[in-house]
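Both complexes below contain chain A, partnered by chain B and then by chain C.
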Partner chain A sequence: MAVSKVLMPKLSEAMESGKIIKWLKKEGDRVQSGDILAEVETDKADVEMEAFGSGVLRKILQGAGSTVPVGSLIGVIAEPDEDIAAVASQAGAPAAPAASAAPATPAPAAAAAMSSRPAAVPPQPRREDPAARTPSPASAPTAPTRTAPAAAAPATALRPAAAASPAPGDGGRLKASPLARKIAAQSGVDLHVVHGSGPGGRIVRRDVEAASAAPAVRPVAAPVAPGVEFEDRPLSQIRAIIAKRMPLSKAPVPHFYVSSEVAMDRGWSLREELNALEGQPKISVNDLVLRACALALLQHPGVNASFQGESIRVFYRAHIGIAVALEDGLITPVLRDVQAKSLGQIAAEARDLAERARQRKLRAPEMSGATFSISNLGMFDVTEFSAIINPPEGAILAVGAVRKVPVVTADGLGVGRRMMLTLSCDHRVMDGAMGARFLQDVKRLLEEPLRLMV
Partner chain B sequence: MAVMTYREALNLALREEMTRDDRVFVIGEEVGLYEGAYKVTQGLLKDFGPKRVVDTPIAESGFTGVGIGAAMVGLRPVVEMMTFNFALLALDQIVNSAAKMNYMSGGQFNVPIVIRGPGGPAHQLAAQHSQSMEVYFYHVPGLKVVRPSTPEDAKGLLKSAIRDDNPVIFIESETLYAVKGEVSEDPEFTIPLGKAAVRREGTDVTVVAYMGMMYRALEAAEELAKDGISIEIVDPRTLQPLDSGTILESVRKTHRAVVVEAGAGFAGMGSELSAVITEQAFDDLDAPVERVTGVPAPMPYARNLEKAKTPSKERIIEAVRRVCYANGNGKS
Partner chain C sequence: MTRTFDVVVVGSGPGGYVSAIRCAQLGLGVAVVEDDRPGGVCLNWGCIPTKALLRNAEVLNLVQHASDFGITVGEVRADYAQAVQRSRAVADRMAKGVEFLFRKNKVTLVPGTGTLKNARTVEVKGGAGTETLEAGRAVILATGSKPRSLPGVSIDEKLVISSNGAVRNESRPASIVVIGAGAVGVEFADVYAAYGAQVTLLEALPRVLPIEDEDAGALITRLFGRRGITIKTGVKVSAVKPGGPGAIVETDGGRFEAQQVLMAVGRAARTDGIGLEAAGVQMERGFVKISPTMETTAKGVYAIGDMAGAPLLAHKAMAEGVVAAEAIAGQHPRPIDYGNVPSCTYCRPQVASIGASEAKTKENGREVTVGKFPFTASGKAVAMGETDGFVKVVADKATGEILGVHIVGPEATEIIHEFAVGRTLEATLEEIMHTIHAHPTLSEAALEATLAALGQAIHI
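And now, the complex of A and B:
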């Protein structure tokens, strides 16, 4: 039997640190290699962390909410009678150098006998802040015998360390219907940020469904204490990444923009007709735009291209990133080979990607490799906007809402459905005319939507 | 199949069972010569004779006791209460003898008796003759309780009740005797006790209702459908034993339930239904179960007050909207 260290894993190339969302095992639980120990928030997704050793999860050294560098020791797995003091004392420091310096040596027999008492590993979940329990180097050698039942511990040890938890206390009981709770648990919606529309603010099914369908759920603004003028909110992982990456696009990439208005009357009625069919996935306007862009990108590979310094890489397959708004940022899952997919397939796959993106359940390959992107703010009634290119892609299409507007017809004035498209282009890759011709084709495909079907 | 009234369906059931089994006989006030206060036993005296159709004095406790004794020695009596309100006079016989005889005799005696007659609110029958009498009986272990809402149920359930070896309380309604419907003429057609019926399929709310309230619910369903609210109506038909499976299956589909009862509400059938749904389908509920019940007051004679006491289509609609969180706004 060996003592296994649980280290913050490197779950993606860019990952430098990870935040422990929650532990799925508690101290005292028996774990097998391969069991899911905890959920970890990385720069882009929430990932499940597996155990690499078997035994008892003896010690959790970094509790839920802690952000620690990759490679840090966050827990210890060992048999109940093994001495883990030496290993546990490495908490907080990246383990790589420490591991070789302090190998997990078997403890002297006396210590092992002492720590084998079941009381040494209380199985009940511990409520105190993990930071308060992290043994200091001085106390570490005696740690196993000090984890006595909570009642025996001095009261001060139970008090959460100040400023250790950035999460606001959610003291008030949350009111939600049993069904709403069940659906929220299944779809990963946090009920604390859902607005309840039932009596007394009860959260009911429709609220949870709206929350899981909505691109971004804003938490209800907390009441502001008098005299407080501002607060500094820590960056979420995803916001930090956006903050780091967007200037890397906007500053070095010379953007230019071309816009065009698309008559969506026929596209709209085609969509209604398709959606009236039994057993077909519901098709959104965005799905039509995805299909149109994929077909147009095949005709205009110059737009489906990436600046490579000394060359321009032109792609012959359309892997399209779809911007999905999250509570605390945005993420762009990639729909691959859109040029080869039917509208129904696009609709089903795009919806699945968006849903899993909101639940942070995307796999790493689904978040990279786009050759072009689409950002749609139509659901917010945005008429038009321009988007920032996500390098190394060469262009991104910003899609506005389909609006009913007065239009000039042969007989005078009529009512038509119109939608604004704005293409942001990397001038190092293409010129205005190239972007304009691509956009003209997208427009033609959407205005003669039967072309999307062939 | 033939179209007949609820009254004719009951009469046919009695005739078929009396023909099928000569142990079956009818006993009660005015059941013979007068052919029944509500003509349910019409023609039976002529066709089956005075040994099978027995007129009694006005003595409910007495003739109910006669029926129980006859059942204990092997006959299958059908006791008619002119209205079920009068069964209060026979309550001791029903509760202490009929319901408990099998248990207290260690299974030596069973009591295959049917006690039937009209109950519940009708038209201006006032405080003593409008009571929802089922509440006095379904609480008692050993009794089965049937409330048939349609002519076909009246026939199929009465035949099952007569063939059942336990005492069965079978409460009809004055207001339904003239209701017409398709009824099977097959003498072997029966409907099992303890099996609910889905009267209307829907997706948004389950409404559990029986007898007159079931018809109010059907009217409410029509009106709610115009607003895009689709209700499913489950009629339990037998209150004891209760077919909770059909009710729960419906609630698990719609996630909302409204239960309707004509009686006063407190500790009524609606309370029981609400408890069953809440206990067994809690995680499927999107709203608390709503009860629509009669007002807790004696039934007034005045027509306007009678209407105010009894659950109405409008009150069912309001409750459905509340559980849909759609107060006046159409579909949730």
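And now, the complex of A and C:
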């Protein structure tokens, strides 16, 4: 069997480099084609990396924590008796930093060598660095380059992750009951901003419940060591890619915007009626918008289109990207063939995509191939906004909140539910009228929502 | 004569004596008024002496079953009078212990009956005449409760006895009807049956130990039935008359005859004649109305223990005594979590619980997971020869919050505290799961029931 190289895979269209989170196989392990070798952090998600050859994982050339360009050699799979010296020596050539780029340990004995040569092998996940156990200020975590108050260091030396976050209680350790932690995790409450009312400031269940019931109020300013005026936070992968790509859209793509107000009264009651049915997935306003857009895109393929330089590519299927806000950026998982899906299907699949996007559990194909996108900031009570097109798509719809507003009726003033839609269009692909007609159809579908059901 | 103290406590039961000692620890001068021996019902007529009797019943049962262990004993003779005498000796010793604690903490014991004249003045009528106690800071009322009866049935402590009489009577009746299958009724039924009496246990509600989880009541019914105790649930007593061997109990479910009747239908606050109106203390549904720090509607007058409402348990009274004392001393005591008070019945096998029953959690709309582990699968229980019972854990499905724990079995009343601590600390199933339990112990059943709730029980 041939020697096979393990290369940093290109897991999404935009991926240029990947960070190895951890190896799930160690040197000397036998692997089958298709086994999960390692977890890799790409610009958009944490992805499992599969083996493309069978044999023994003879060599790991990039340890956990290394970031390497796509296509770099990161490991070697071969039979135990095969000579891999030639292949392994290619390592480092395209690859970047690689402090762990491996002295030539005789391969099969590698597992045994691990304990005696910690520097030569990837750090074992979950095992704490022995240095971190030493309670000295010098070992305080340095990740975000905020000067850590020295007093906090000894208490936090064993828990580097918690040290950077201001926390109630003593010495930076977050004091919270197990139940409070679980409820917080399930309700999305950040324990760092919760006031603990238990003994010694411990966060208990009632504190989390109160925090999740109250509107999310972040503390005005987190306590910071005196004298610190700012901190430089390293870009997350996702923030870096957004920073790089958005100017590539906004500057070269000539945007124009069309807006329309949609009467959501009927859409709202339809949704309520649907959600009262038992055993049905709960339908959100965004699901209605998704369905309306898919149907309108079929009618207006000119909007469902991409500028290709010499031509315009028009799509006949609606693969819609759904912008999902993350802690450190946003991500746009793609719901495919929305035109062929019922509202219930859309609701279930969109929710699943969004949840997995937040957990960084999307698979690579789920993050590319959109023909159109929707960005909804209604949950933040945004009335209207305009979004930046995600190239090579030709348009993106920005959705505002459904608000109760005074409306003029035949008899005078009444209360109606209204929602603002703003379409950003690539002028190279379409003109104002085309965008406007599309938007008009979306509006009609939402205002006569039974059309969404047929 | 008038004496002034920072705090005057009326009653020296578990609520009163604990609050008095806590006040003294906090530097307050305290007087305790007591019209009986120190220790109240708990030490003198309730908890402690009944535990002594139940221990006798347990030892007797063990000796009777000595052959199970390959031990041959001669003729077994159990003298009930001696059991009661032992029980009295235990109570005496504990009451003396309270007197010792008072001396140690410089708490002044004032014998006599206390009556509020106003929110700061307690008049004490005793053998030595009348004395007035002025309270500089506060009065703590801790007068406890007394056995209740049914309408039209009077407790004469001869034909119809209460627990007060039962715990004193050195002669065991040949037969007895116990009305009420709560903790008191079930415990006396156990003692009398162990000593050979014909016992009939009546309960108006659908099952014995009605405040416990259904599974607990069902198992006790089965085990008591096996020991020859007649149990009738869902029957309402209409009258108790002299006749037959002693008394005839008429119910909507038939007539029951026995030499004596034990009235164990519950207890009522003991508030008559203590001057609540004079001080402006209001009642609510038969008990004194209190704030979270035990203060009554009269400023500076606190009420703790049975008189201040359910659950009528000594340990709840003690906890309230501490809260009242600390509040009076100007501290900010943590309010009592009334949802986290263990409930214990010391029959054989014991019954203990904390939190809500499975049925109650479902009524409250919680989606729960239930883990149950029988003592038949516990190595320690089998070695002891005490395999009746189970540990049942009811937890929230999503969070693993421990909503209720129900134990029937050997030392159930000890095992329950693992869960009491766990609930106080807001531990979830996982924390119990990750706690290594010594082997072999009865407490392993607590671990296994927890694992069962997580679908991971090993030993079943």
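Here is the rule we use: the second predicted complex is superposed on the first by the 240 of 454 C-alpha atoms of A that agree within 3 Å, B and C clash if a C-alpha of one lies under 4 Å from a C-alpha of the other, contacts with A are read in each partner's own complex, and residues count from 1 in each chain.
In this text, a residue touches a chain if its C-beta (ideal position, glycine included) is under 8 Å from a C-beta of that chain, and two chains touch if they have at least 3 such contacts.
Everything numeric in this text was worked out from a predicted model, so none of it was measured.
Student: What is the contact status of A:Pro178 with respect to chain B (first) and chain C (second): first, second, both, or neither?
Tutor: Both chain B and chain C are touched by A:Pro178.
Student: In the overlaid three-chain picture, which partner chain does A:Met453 touch, first (chain B) or second (chain C), both, or neither?
Tutor: Neither partner.
Student: Figure out whether A:Gln186 sits in contact with chain B (first) or chain C (second), or with both, or with neither.
Tutor: Touch partner of A:Gln186: chain C, not chain B.
Student: Quick one: is A:Leu277 in contact with chain B, with chain C, with both, or with neither? Answer first, second, both or neither.
Tutor: Once the two structures are laid over each other on A, A:Leu277 reaches no partner at all.
Student: Identify the partner contact of A:Arg205: answer first if only chain B is touched, second if only chain C is, both if each is, neither if none is.
Tutor: both
Student: Given the touch rule stated above, what does A:Ser197 touch, chain B (first), chain C (second), both, or neither?
Tutor: Once the two structures are laid over each other on A, A:Ser197 reaches chain B alone.
Student: Could you tell me which stretches of chain A are touched by chain B in one complex and by chain C in the other?
Tutor: 177-180, 182, 199, 204-205
Student: So in the complex, which bits of chain A are touching chain B?
Tutor: Its residues touching chain B are 177-182, 197-199, 204-206.
Student: Which stretch or stretches of chain A touch chain C in the complex?
Tutor: It comes out as residues 177-180, 182-183, 186, 199, 204-205.
Student: What part of chain C is in contact with chain A in the complex they form?
Tutor: Listed in rising order, the residues are 334, 398-401, 425-428, 430-431.
Student: What residues on chain B touch chain A, complex-wise?
Tutor: 255, 282-287, 325, 332
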